[in-house]
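The same chain A turns up in both complexes below, where it pairs with chain B and then with chain C.
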Partner chain A sequence: MFDLQTYHKAGSVEEAIALLAANPDSRLLAGGTDILIKLRHGKSGFAELIDIHGLAELRSIRKDAEENILIGSGTTFTDIIESKLLQRSIPMLCDAAQSVGGPQIRNMATIGGNICNGVTSADSAPGLFGLNALLQIHGPDGLREVPVAEFYLGPGKVDLRRGDVLVAFKITPENYAGSFGYYYKYAMRDAMDIATIGCAVSLKTAASKVSDYRIAFGVAGPTPIRCPKTEQAVLGRELSAELFDCIAEVVIGDVNPRTSWRAAKDFRLNIIQELAKRATHKALQRALHPAGQKEGETI
Partner chain B sequence: MAQHNDANKVIGKSVIRTDAVAKVTGRAEYTEDMHRPGMLVAKYFRSTISHGRVTDIDTTAAVQHPGVEAVFTYKDVPQNVFATAGHPFSLDPHHKDIEDRLLLTGNIRCLGDEIAVVVAQDELTARQALQKIKVVCEPYPPLIRPEEIMAEGARQIHQGSPNIIGEHRYRCGEVEQGFAEADHIVEGDFTTAMVQHVHLENHIAHAYMDDMDRIVIVSSTQIPHIVRRIVSEALSFPLSKIRVIKPFIGGGFGNKQDVVVEPMVAFLTLQMSGRPVQINLSREECMLCTRNRHPFFLKVKTGVMQDGTMVARDMDVISLTGAYASHGHAIAAAGGAKQSALYPRTPARFHARTLYANIPTAGAMRAYGSPQILYALECATEDAARKIGMDSVAFRLKNIARQGDINPLSKEKIASCGLAECLEKGREFIDWDRKKREYAHHKTGPVRKGLGVACLAYASGTYPVCVEIAGARIVLNQDGMVHVMVGATEIGQGSDTVVAQMVAETLGIAYDHVRVVQAQDTDVTPFDTGAYASRQAYVVSNAVFRAASELKAKICRHAALMCGSDAADLDIVGGVVIDSKKSARVMALKDLAIDSYYHKERGGQLSAEVSYKTTSNAPVFGCTFVDIDVDIPLCKIKINRIINVHDSGVILNPVQAAGQVHGGTFMGIGAALFEEVLIDRETGYVYNNNLLDYKFPTFMDIPSLHHDFVETFEPTSGYGNKALGEPPVITPPPAIRNALLDATGVHINSLPLSPHVLFTHFTKNGLLKSRGEQHV
Partner chain C sequence: MTGQNDNGFTRIQCTVNGVPRSLFIDVRKSLLELLRQDLGLTGTKEGCGVGECGACSVLVDEVLVDSCIYLAVWVDGKAIRTVEGEARDGRLSPVQQAYVEEGAVQCGFCTPGFIMASTSFVEKHQGQEVSADQIRKGHAGNLCRCTGYQNILKAVEKSLKP
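On to the complex of A and B.
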């Protein structure tokens, strides 16, 4: 039994914005896979819910006329896994979706909820960081676009203002076309677990060199992060065994994991170094053998 | 001994479980399904510290909360202490379980200790009211580690009782001489983790009064008849006025071989004028405040000759029972006995102590002390084999128990033992010899390969430590089918199904003509102490065999009355009475049955009831072989192949037996690689009493599981069968540890072998570069 005070089912994004404005203590409910847990634990601040789950206008994956890929915030992880467009264009996001929870969670949980929840372990975040995804947010004052890296303000804190509804993620062609990526989740279990470390790599190659390189982590700091020093060090380098040693060495300077009872800092650093290498290796395999790009894999 | 006509063969067949359809169609009724009108809900108010004393408690606001019916604190409950372990009553006053529980307590001994209880119209209301209870506590320093618990002047966790609640020693053979003569002495310190049962159905019970002076308790329990006795003791309420009903059970693994919520619901219904009151523990409560596996600290010393003979063994054990005794020292005692059962020819001495601690209470859990003891023993055995450079399997074959050996501790002769054959089968399955050679080339680099083996011995019950009593009643129905009532407690392990097979086999009727009454009710069910100690099929077999034989004789006598033949010539085959001398059909059982009921002069309701005490305890054996990859940089172990091979006597039902073995192997892998209740060493705080942070493995984490049996015939059992329920969980952890050692050369003597632990050891041993980062 949940201590719910009010519940509204919004019929549209417009109605959700109006309901948010009319109920100042209310929260949005999408898949509910984070919020229902908080309710079960009796956490305050979730007694008034506005349900946007299943809104058709939020649940789509498509390409627009400018070749931008638009992923609705209400898109479930199962939708992402099954999307032919994403399998073809950004399989890294399918890897991430596949690594979330178990089948029941993936059927309910949405990519918008995953990001709005604001935690550093969100499996979809590192990939979206690597893609420079833009968040399309509808608010009382209209639409704005916020880069995902700017959306995270701190642990559990995101740039959502009263009345805001995240409606979609926009990924522009220069951020995905010709890129090959991989998301590597490291957790204690192979399912139903939160990442100890999550690592997304997205790259392009040209003439046996790395011509574009992005690497992002979850749980390597209080929020998901990109690794600018590593990216700079890798850009333009020859594909070689030394490249991987270089990545493992430089990445330490980009991350800031902490010791918690769940894992010690030096253990996390070891995994960060290893995932940086392995995710890069997997992404390169996809670049060199594009046919294999549908394979999702997690350890 | 059972003599069976082959046409009646049901034993050894994979018949469909008696409860399969009820379960897969969702019709099986569990305790939570049995709602009663007006049922109230009770929720515990629990301590947030691990050691201390309540100095003040104010429940005024909670009592006034709308929807709250009553609040009781530790001041309101009966002051007679009781023991909760689901053991048979002991006539020997020195062998009684420790009585250290009250229904509620003001003396806090672990996180989550039960201080008060709210009774409300629903769960949410109860939870809200809990927030309004105000409590002031005087904290004491938590006693978590053995050295601080046993320190001079340490506070007594239970006033008036020493913190060491049990201690014993045994010695078999010339141990000192063995050590003096040994070519090598190998020593090791080992630890095992606190782990959880994680049965699917949490602890739940409700109680009500069906008239003015009788309490009915419906509970998810492994031990209905023992619940009846312990509730009677806890409430000083007449046993015969307590009725315990056990519906379908969603697993127990020993955690329901303890009386946990039943005395409280019985107390509450008494207080609430007989209104129904339910306690339904949450997963978090279940993981913190019921029972778990005792963490052990073990020292093992082994004397070994260069030819591979183990000539001496010494073992010293500390077991932490937590805040309350529960099964207490019985765990270390039962586990410790396995050294002499597995290696009966090796002189050995053993010393164990069990301590209170300000951590969650440990109790019975699948294999009852043996996983801890055999982890250390089988790691130590491996270390001894490696010390002299002998193959791990050959070393074991030289030292293990053989049929005809005398167990030096029990002084009993081992009547059946297929352990050597188990080792041979496992060695062949895993392709040991070839892979040993191949994997010699995979001991460097980031991914290394290894093989591991470990053996076990276990028992088929608790005799002679406890009584082994079982009861069976069989009634011939009017249509020639039979109803069976047993005290053997079906908790998901499949006991009802094998009972039906036994009855069908002995009586000579079809399996589906036997109906075993599933729900147990202490008002009517024959007495049996319940499902634990892997005893159920073994001890019930002796009662069932006798009851079925008796009923068969009665049926034949009635047939003789009806047709004038000699009852001694009659038999039942396929539900038909036959004259075995003339090889002629006499009559169908259904025709006989209707006559026995309705003939005006002869016959009656034909039935048989037997209560039987088994006074033997057949040892069982088994082993695990495992083949692993170790990913050094990722600090992960991947199981390529694993097999458990068991000697459990005659296998009654191969599919169910496979289920037991696979379930046990799964649980063993969990303990080996994943599971551990994480307790703060300073505060006693428990970090992970939930299924996110307690890393119980998922199906994604478990490889394909394999099993095999070596079928011996055990003469002391009704059908040649021995124990199987618990043993499969024992050997995967030491086998995996030994494979890790084989792959990496790194000795890790603790559990679980989680990535965190592997990281620490790989760094310490130079397999991973140390970064020199400060540990915080």
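On to the complex of A and C.
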């Protein structure tokens, strides 16, 4: 049995906010794939839970009237993989969802939980960084929007205050329309593993040049990070073999991986350089040969 | 144990292998504990207990989950399928039959979980062209310590044939 001290089922986001405020030591439980394991291992701070598992209002993927894509925090990785809207508009997020755990975990784990955990290895984080995703957070004082890069305050620390519930990720059209991205995960196994390094690239091309370029990593620092120096160096450059050499050289200046039992720092640096090139290459392939595009159509 | 419940217990309604059940359960229980301890359905196994091995896999509303990291209260209003419900009228399910024919069982401990993972995979991909790689990926959440993967793969391939 799980060593729960208190358990409340919230029937709505509003109720969850009130329950969080009334139970100062409580936390939210969504997919349970991290929290229930921590609870089982007897980690402190997880014995008082407010259950938002399966709340319908948190589980949707849709486009609003302003063409923003909204992904509910309770959306599972399987929902993301199977979403026609995301497959069409932001396949990079489907790549990332596909790389998480195994089928059972993807069926349960939510994108909101993945981000609220605050870990640097979250597979959905690099893509959301590259998309400048805005986190819609409902709290006792109403709704606020926080850019994902500002949400991470440190390892395991995120900008959630007492009574806050992350409800959705908002991706505005200027951050995904016409962009092509790819998420590349390197781990010891192809499944059920934590990323040694994860790399997301999102880019636009125009007239054989890179007209927009975002690159973000997981596990390349204490939190997921964007790489401003690399982005600056790549922007406006011609598509060529030298471009990849440039990326591999500059990216080292943007990252700060550490040695852990999973991998040594030098090894991670090597993987960072390689993934930066490969993810860029894959994103370019998607840009130059978009799936389902009619013959003769230009980008 | 406090909360909006009756001394840490709560009533749920669900169906287990097609049979409607009304259960008064301890909210601290996992679905695995509900199945094994309260309902005596010991076909579903506990391996790692942390969602790594898949021995406890069951279907909840046709979704494959690790029952060890799934709260029992979450099945309220839902339909659960476990390995005990797969054979009908003394006949094995097509997936179970394929496992037997391909010798996909060694010690058998992982088998109930694998059967449910394969059942979920086969029902999702019926009539589709499926690669060996897709089958492996679809079973990545289940571990077999005897490493009988090759025959499991063959059994799934066989089950997918109309």
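In this text, the second predicted complex is superposed on the first by the 291 of 299 C-alpha atoms of A that agree within 3 Å, B and C clash if a C-alpha of one lies under 4 Å from a C-alpha of the other, contacts with A are read in each partner's own complex, and residues count from 1 in each chain.
Assume a residue touches a chain if its C-beta (ideal position, glycine included) is under 8 Å from a C-beta of that chain, and two chains touch if they have at least 3 such contacts.
Because the structure is predicted, anything quoted here is derived from the model rather than measured.
Contacts of A:Asp3 after superposition: both chain B and chain C are touched. In the superposed model, A:Ile105 lies in contact with chain C only, and not with chain B. Once the two complexes are overlaid on the shared chain, A:Gly32 sits against chain C while remaining clear of chain B.
In the superposition on chain A, A:Lys265 makes contact with chain B only, while chain C stays out of contact range. Within the superposed three-chain model, A:Ile61 lies out of touch with both chain B and chain C [touch as defined at top]. When the shared chain is aligned, chain B and chain C each come close enough to touch A:Met192. Touch criterion met: A:Asp51 reaches chain C, while chain B stays clear of it.
Contacts of A:Gly42 after superposition: chain B is touched, whereas chain C is not reached.
In the superposition on chain A, no contact is made by A:Ile90 with either chain B or chain C. Shared interface residues of chain A, touching chain B in one complex and chain C in the other, are 1-3, 102, 190-192.
Here chain A touches chain B in the complex through residues 1-3, 42, 102, 186, 188-194, 196, 259, 261-267, 269-271, 274, 299, going by the rule given at the top.
Only residues 1-5, 8, 26-30, 33, 49-52, 54, 57, 63-66, 69-71, 73-74, 117, 120-121, 137-142 of chain C touch chain A when the two sit together in their complex. The touching residues of chain B, counted against chain A in their complex, run 122-124, 127-128, 631, 633-636, 674, 678, 680, 687, 691-693, 695, 697-701, 754-756, 759, 763, 768, 771, 773, 775-776. For chain A in complex with chain C, the touching residues are 1-9, 29, 32-33, 36-37, 40-41, 51, 53-54, 78, 101-105, 107-108, 190-192.
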